[in-house]
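Please go over the structures that come below.
In the two complexes that follow, chain A is the common piece, with chain B as its partner first and chain C second.
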Partner chain A sequence: MSSMNNIINEIKAALAPLKMETPADKQIAAVVRPEAIHNSLSYLRQRGFTQLCIVTCIDWIKDSEFELVYILFSWTDGIHVQLRARVDRNNPVMVTATDIFPGARYYEREVTEFFGVEFTGNEDAGKPLFLEIWDDLPPLRKDFDPQAYSDSKFPMRERGNEFVSEIGGTEK
Partner chain B sequence: MVLKNDDNRNIWEKIGDYFSANSIWMKWYCTGCGAIEMPPTMTSRFDMERLGMGPMATPRQADVLLITGYLSTKTLRRVIYSYEQMNSPCFIVAFGSCTINGGIYYDSYATIGRLDKYLPVDLYIAGCMPRPETIMNGFNELIQMIKKGEAKGWKHYQENYEWYKKNQLDSLGEIIIKDEFHE
Partner chain C sequence: MNEVKLFLGPQHPGMHGNYSVHMYVDGDIIEKARPTPGFLHRGFEKLMERRHWMGNLALIPRICVPEPDINEFVYAQGIEMLANIEVPDKAHWIRMLVLEMARVMVHLMSLGFIGGPTGMYTATYWAIAQRDLILDLFEELCGARIYHMYIVPGGVRKDLPEGFTDRVLAMMDELEVKIPEYEELILKHPIIHARAKDNIMLPAEVVWELGVTGIGMRSATGEENDLRKVKPYAHYDKVEFEVPTATYSDALTRLNLKVREMYQSMRIIRQVIDKMPAEGPVNVPVSPGNALRWTVPEGMVYSAVESSRGEYGYFIVSDGSEMPYRIAVRGASFPQGLLGIEKYLKGHRIDDASIWMDTMGVCSPEIDR
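Moving on, here comes the complex of A and B:
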């Protein structure tokens, strides 16, 4: 078992990240360039971070970028590593991680479905996973309006104003 | 949906309703969070079997379809499949505020607003979530409704099948279930 500082130094030397921080005890976060994600993942995998906990995405709409987040865990050191990279929002493409972590198949499908990020090399990535028949923007993008979609698809119950007047609200 | 109480049952239907009211087998469609109120209702604390209701394994053998909470569009397709397998007379009890008007998921892209557009609901149990006492009270109400011949949602579904199908297709696109893990 190596100490936290050793691991931080090793990762710093091997990945040359743009930014590195320790958000909490036993957690390391590293920001890398999107081209470096694949090499970084394969380095961390052979370094002992054998479990891919999640692949997810954050929509930074003001920066016009998607941030992909990979969280890895090492069972020998008990340390989480968070690997982040930002891709262009207008052309979101990332290389698949399925050749390193086969379980990434489903996480990548989920990110494709909810954010529209394309994963090259994952032949399943276009298939729907949770949403069966979807005909709109990917729903977790910030510019998607769930209220408008819900109103157009799912009719709500019509109400009179009898409840509103009882609690002293405004009457029509 | 307005169900009028015009009691034009013949004697055999009255007898049938009397007996079916006294042995209610439920199929719980436990997808929503309200399902967590069912274990205390059926186990020793509240013990609903003393009131004549029991759980049943499959929709084909059940009388009541209990829908506990919110329904996503994906779940609603399965619920429609399950409901159409049930033998009539069959009753739907909708549970929790999500089935009434969407509950806290009123603006969700994935969950439906109100259930009675898609399936004939005989009885609502309101609450987020309803206590076990409320559930048992609701089921007593359902028993009385069956005895009086007021629980006629299944007839309404047969008579207004086109209306229900149209609503289902408008919201769901199609009802065919595509499940890659069971193909």
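Moving on, here comes the complex of A and C:
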């Protein structure tokens, strides 16, 4: 078991991240350039972070960027690492991590479905997963309005004159 | 050769929740399997962005139906990490008590539900009846049987009722007698042996490939990979317990580990009640003012807990406002429930598919969210 500081220094030296922080006890966050994600993931994997916990995305609509988040865990050190990178919101493309972590396949497919980020090399690219016959913006983007979507898909029905209330009498 | 397409689910007695698998079969051997999730997709991650930090508490237990308390705990723990809050000592012990009671409850349920796919419903009836008695304790604790909303950011909602710990201890004594009966009924039964022994293997390479955690990982690798040991939260570093492991993972071994984990949970519960202080505060406010107007400092944090099926986590992003900016949920059975089914269900018989789903711990509400 190596200490937190040793691991932080090792990661700093190997990845040369843009930013590095410790958001909580036994948790490290490293922000890298999007081109560096693939190499960083393979470095971290051989460093002992063998468990891929989740691949997810954040929509920073004000900066017009998507932030991809890879969370890894090392069972020997008991430390979580967040590896993050920002990609352009208008052309969101990222290289797949499935050759390093085969388990990333369905996480990436989910991010594609809910955010519209394309993962080049993922064999499931473009296939739907949870949503059936979806014809709107990817729903976890911040500019998708669920209220407007449900109003347009399921319009309010007008109540007719033939409605008889339980109390009795015909209502207008 | 004639390949036939069959549907398993979305309604099936051997499965928990609505989940469908499209199977292409030749004879009764599955040649190809395709998971079809989404029947329980309710858009939790989007809903959470549109509710206050405290209001979300009514929503999140519903993400995992059989074991709701882990949701409350990871959510509360994540907010405490962001806001840098020190939870009172007594609240930590109460949280452990709740989490371990929930673990016993959900292991009983999943142990009993092996009766669904094997056709031995006696197991289901016995185990569910016992689980209901634990739910009675939860009802006394917080007024609700399934969705407790008891663990809140900053601690727990209220102190334990008068005499509650005595009734929990009485329940532990009862379980000590009852669980051997369930072992006798389930783990030594010839039907279960015929169906589960040396069947539905999970080799260690597959564990590392898919990223399976929890009982699946521990039963195959023989390593004590339990978050309660590796990265202790609450006061798990202050109690003694063992992590049951095995190096040969067939369906029967995984059922066996569930029983052995129940004994360890009971051991933890006894120590918790012994070490819990009698007096003291049980919660602190996360930020000043009305609970619905709480704000959480800006930041991104990943909070994880060892659930009955493996590592369960929330990735929480706050922009400093009254509502979360983004919350991503890591369902513990996501790896085996999607990629696992696609790659490793083939080669099994049709009637073993639901045992596969059951003993791998596939839980559809947490996959779909």
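FYI, the second predicted complex is superposed on the first by the 154 of 172 C-alpha atoms of A that agree within 3 Å, B and C clash if a C-alpha of one lies under 4 Å from a C-alpha of the other, contacts with A are read in each partner's own complex, and residues count from 1 in each chain.
Methods note: contacts are C-beta pairs under 8 Å (C-beta built on N, C-alpha and C of every residue); 3 or more make two chains touch, one makes a residue touch a chain.
The structure displayed is predicted, hence computed values, not measured ones.
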Partner chain(s) touched by A:Pro146 [first = chain B, second = chain C, both, neither]: both
Chain B versus chain C as contact partner of A:Pro155, first or second or both or neither: first
Comparing the two partners chain B and chain C, which touches a greater set of residues in chain A: C
Partner chain(s) touched by A:Glu132 [first = chain B, second = chain C, both, neither]: both
Touched partner set for A:Phe73, first chain B, second chain C, both or neither: second
Contact residues of chain A, present in both the chain B and the chain C interface: 130-132, 139, 146
For the chain A and chain C complex, residues of the former touching the latter: 23-27, 29, 50-54, 56, 58-59, 69, 71, 73, 75, 78-80, 82, 84, 101-103, 105-107, 114, 129-132, 139-140, 146
Touch list for chain A against partner chain B, complex: 127, 130-133, 135-136, 139, 144, 146-147, 149-150, 153-157
Parts of chain B lying in touch with chain A, wherever the complex brings them together: 73-74, 77, 100-102, 106-114, 117, 167, 170-174, 178, 180
Chain A-facing residues of chain C, complex: 37-38, 41, 43, 45-46, 50, 81-82, 208-211, 213, 223, 225, 230-231, 299-304, 311, 313, 315, 317, 325-326, 328, 330, 334-335, 338-339, 368
